[in-house]
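Labels run A, B, C and D following the written order; every chain starts at residue 1.
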Amino acid sequence: MDSATAAAEISPAARLAAAEGLVAIGAQMHAAGWSRATSSNYSVRLSADPLRLLVTASGKHKDRLTTDDFVLIDESGGAVEPDALKSSAETMLHVVLARDAGAGAIVHTHSVWGTLLSDIHGPEGVVTLAGYEMLKALPGIKTHDTAVDIAIFPNTQDIDALAAELSDRLKAGDDAVRYGFLINKHGLYTWADQLDSARACVEALEFLFECEGRRLKL
Amino acid sequence: MDSATAAAEISPAARLAAAEGLVAIGAQMHAAGWSRATSSNYSVRLSADPLRLLVTASGKHKDRLTTDDFVLIDESGGAVEPDALKSSAETMLHVVLARDAGAGAIVHTHSVWGTLLSDIHGPEGVVTLAGYEMLKALPGIKTHDTAVDIAIFPNTQDIDALAAELSDRLKAGDDAVRYGFLINKHGLYTWADQLDSARACVEALEFLFECEGRRLKL
Amino acid sequence: MDSATAAAEISPAARLAAAEGLVAIGAQMHAAGWSRATSSNYSVRLSADPLRLLVTASGKHKDRLTTDDFVLIDESGGAVEPDALKSSAETMLHVVLARDAGAGAIVHTHSVWGTLLSDIHGPEGVVTLAGYEMLKALPGIKTHDTAVDIAIFPNTQDIDALAAELSDRLKAGDDAVRYGFLINKHGLYTWADQLDSARACVEALEFLFECEGRRLKL
Amino acid sequence: MDSATAAAEISPAARLAAAEGLVAIGAQMHAAGWSRATSSNYSVRLSADPLRLLVTASGKHKDRLTTDDFVLIDESGGAVEPDALKSSAETMLHVVLARDAGAGAIVHTHSVWGTLLSDIHGPEGVVTLAGYEMLKALPGIKTHDTAVDIAIFPNTQDIDALAAELSDRLKAGDDAVRYGFLINKHGLYTWADQLDSARACVEALEFLFECEGRRLKL
């Protein structure tokens, strides 16, 4: 099947609905201070087989996205359609999460507290969030009496290498990449089945990063 | 009287007005950062005898509630109407507050500062707010020259046990549950006769939690 | 001249314009986090002789004031019109500022940083703001190379006594009450000729309180 | 060519578009807390030769600018048109940036974190931002693995002298004034080809100032 055929298989209504959801996410994430300066990228999976993701085009201010500011990509991370906008340099991380973590929606943010925590806990490669009620916003967590590990990867411009490492850890069932991960002095990736649930994940994790960061100073 | 009869006694206009008030509270609490990630729940008492509370359905993002996102519950914490949405797991706390504290409106929030203070003062089981003008926003307080105790309960997934303990303390006239209480690393409950007054309570207590939290670092 | 006559002298258009300005200030101050929980009060002077001030009625949430939520008061601090809403308990401070400081508009806010600074510097009775460019937002200040003293009064419920002390200090030309003052663990009063300028004063002083408060922790 | 002729050369449509962009920037910068109390100024270059800049008039609240609140200025920093509003006292800094740094749009903000960092690092005359992904929001930066110096100038009311020093450093290719600079206890200047890109610069630098400021306390 060639790319043009696959693109045709995505219904315009489904694509528009996904784009509208992502436009709203952009406004919410920017208002929260987590997607400043054209940073961040978000995606929705429109098809699992063949893999089709609608991803934010790069370089857009996230508080005023339009439904035209997205790119349909395939499992190689490349644009399905001719003359597409450029997607984020980190597109392959979205592909890996959709493919190997079964993510239906992925939200990547850049927050001050996430940046600070990833720096402080970078040497350990993990930050642990334990005992908070807010953990129950993460998929499948039913009690506060638990501890969630969030992996911290070194930052790199070699996204293919990072994507490969992420894929390995996902396939190995590594608990530290079950709900999200940080990249050092960079930001958070989190995901869920649906965009609404992914939004709950990012709000919960950023809330907990702020709790942990402020607690360090007390 | 069976449940269907009781539900019928609540006027649609009163129920709609309560739902509209709670939709507005959701938007305000989310904007303040106190109801992220579908956390929090709010209720209005529509009838005291038999007890009828309109409570937020669980799992909704609080910045975009609609008037359909609520459940009418009775004194058992169960839904009065067939095919109702699922109400919060913490519904019995609302029932106890409406029944034993005479609350007409209840607001439960999850804030960073409330979470931190409940952790720091958790071992003492209480945080004391003293000498602040903002205390006068709480019902019946006429001078800043006073001290208000806010009880801190350990967090639990056994809400029935927590509800029973709360009921006992309310019936005993415990001053530390007069204006609100915290649950450890979880959040705040506060209440008043009317939703507008309960909003003043939550804004005042969250303001004071931030003051106390920041003061600890100075 | 009796009160009814004096009230009649205020043009409805001027009164409405003042109320609309104060409604906007309420929304701005609440959004900034400085007027939570129905706290704060604001006024505009509509006439100097006889003194007529339009003051916020007490107990209103400041993010949704309407043009009906104000009271016209005279130099005694009492309502000019029959059946008026209750004005703030602190109305006499507005009267003193309009009379003895020549204030055309007065904004009183409750912020976290103002509360903290008033507590830390309360024993000295003054907080000094020095060397900041933002000081030039205050009326008549032309260089950053200056120091502004902001008096801190002990909090009290005896507003008449506080008003008398404030009046004495204003009449004596005390520099520490030239641009505004704090009340301990309570909030800020600032004022200017016009409401727009008073808004600049409160934004500048609250900005500087945050700078000073955060600097203490570094 | 006299000034009236030059003004006529700027198309009304281009001028209106620039003014609309600057109105939006004002709302965004005020909402972020970086343009309080009528502080800050912004400009767009409408012509390079002869130099024509559309600059904010002084003394306006930045959250409610209108397209009439701007002044067209020439390379002397003076108004091109008769009866123009007064432009900022810092207009010559905009002229120098448009002329010697090739800036197409300039954004000057006053933030709490910028104020604090400029104070702490003032004696060194520079703050260094290193290793952050967010640095890639700055023009031409392709990797996080870099360090950006932001010069800190002493504050002064002698803007002509500061403009001359800035011009010298720009002409000398000083790396510390490549992306922006701070003025001590005053604020940030940053710029880019287009207003959208300048907005990304200010959001990125203010984000990084907050990261650096909070890191100092950990």
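In this section, contacts are C-beta pairs under 8 Å (C-beta built on N, C-alpha and C of every residue); 3 or more make two chains touch, one makes a residue touch a chain.
The chain lineup, named per UniProt: A, B, C, D = Methylthioribulose-1-phosphate dehydratase.
All figures in this text were calculated on a predicted structure; none of them were measured in a lab.
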Fitted rotation between subunit C and its twin subunit D in degrees, CA, nearest 5: 90
Chain copies touching (subunit A, subunit D) - same or different residues, decided at half shared: different
Rounded Å distance between subunit A and subunit B, as computed from the means of their C-alpha atoms: 33
Chain centre separation (subunit B, subunit D; CA means) in Å: 46
Subunit B: positions in contact with at least two other chains: 217
Inter-chain touch pairs (all): A-B, A-D, B-C, C-D
Parts of subunit A lying in touch with subunit D, wherever the complex brings them together: 36-39, 61, 63, 110, 112, 115-116, 119-120, 155, 157, 183, 185-187, 213, 216-217
Subunit D partner contacts - residues on subunit C that touch it in the complex: 28, 131-134, 137, 142-145, 196, 199-201, 203-204, 206-207, 210-211, 214-215, 217-218
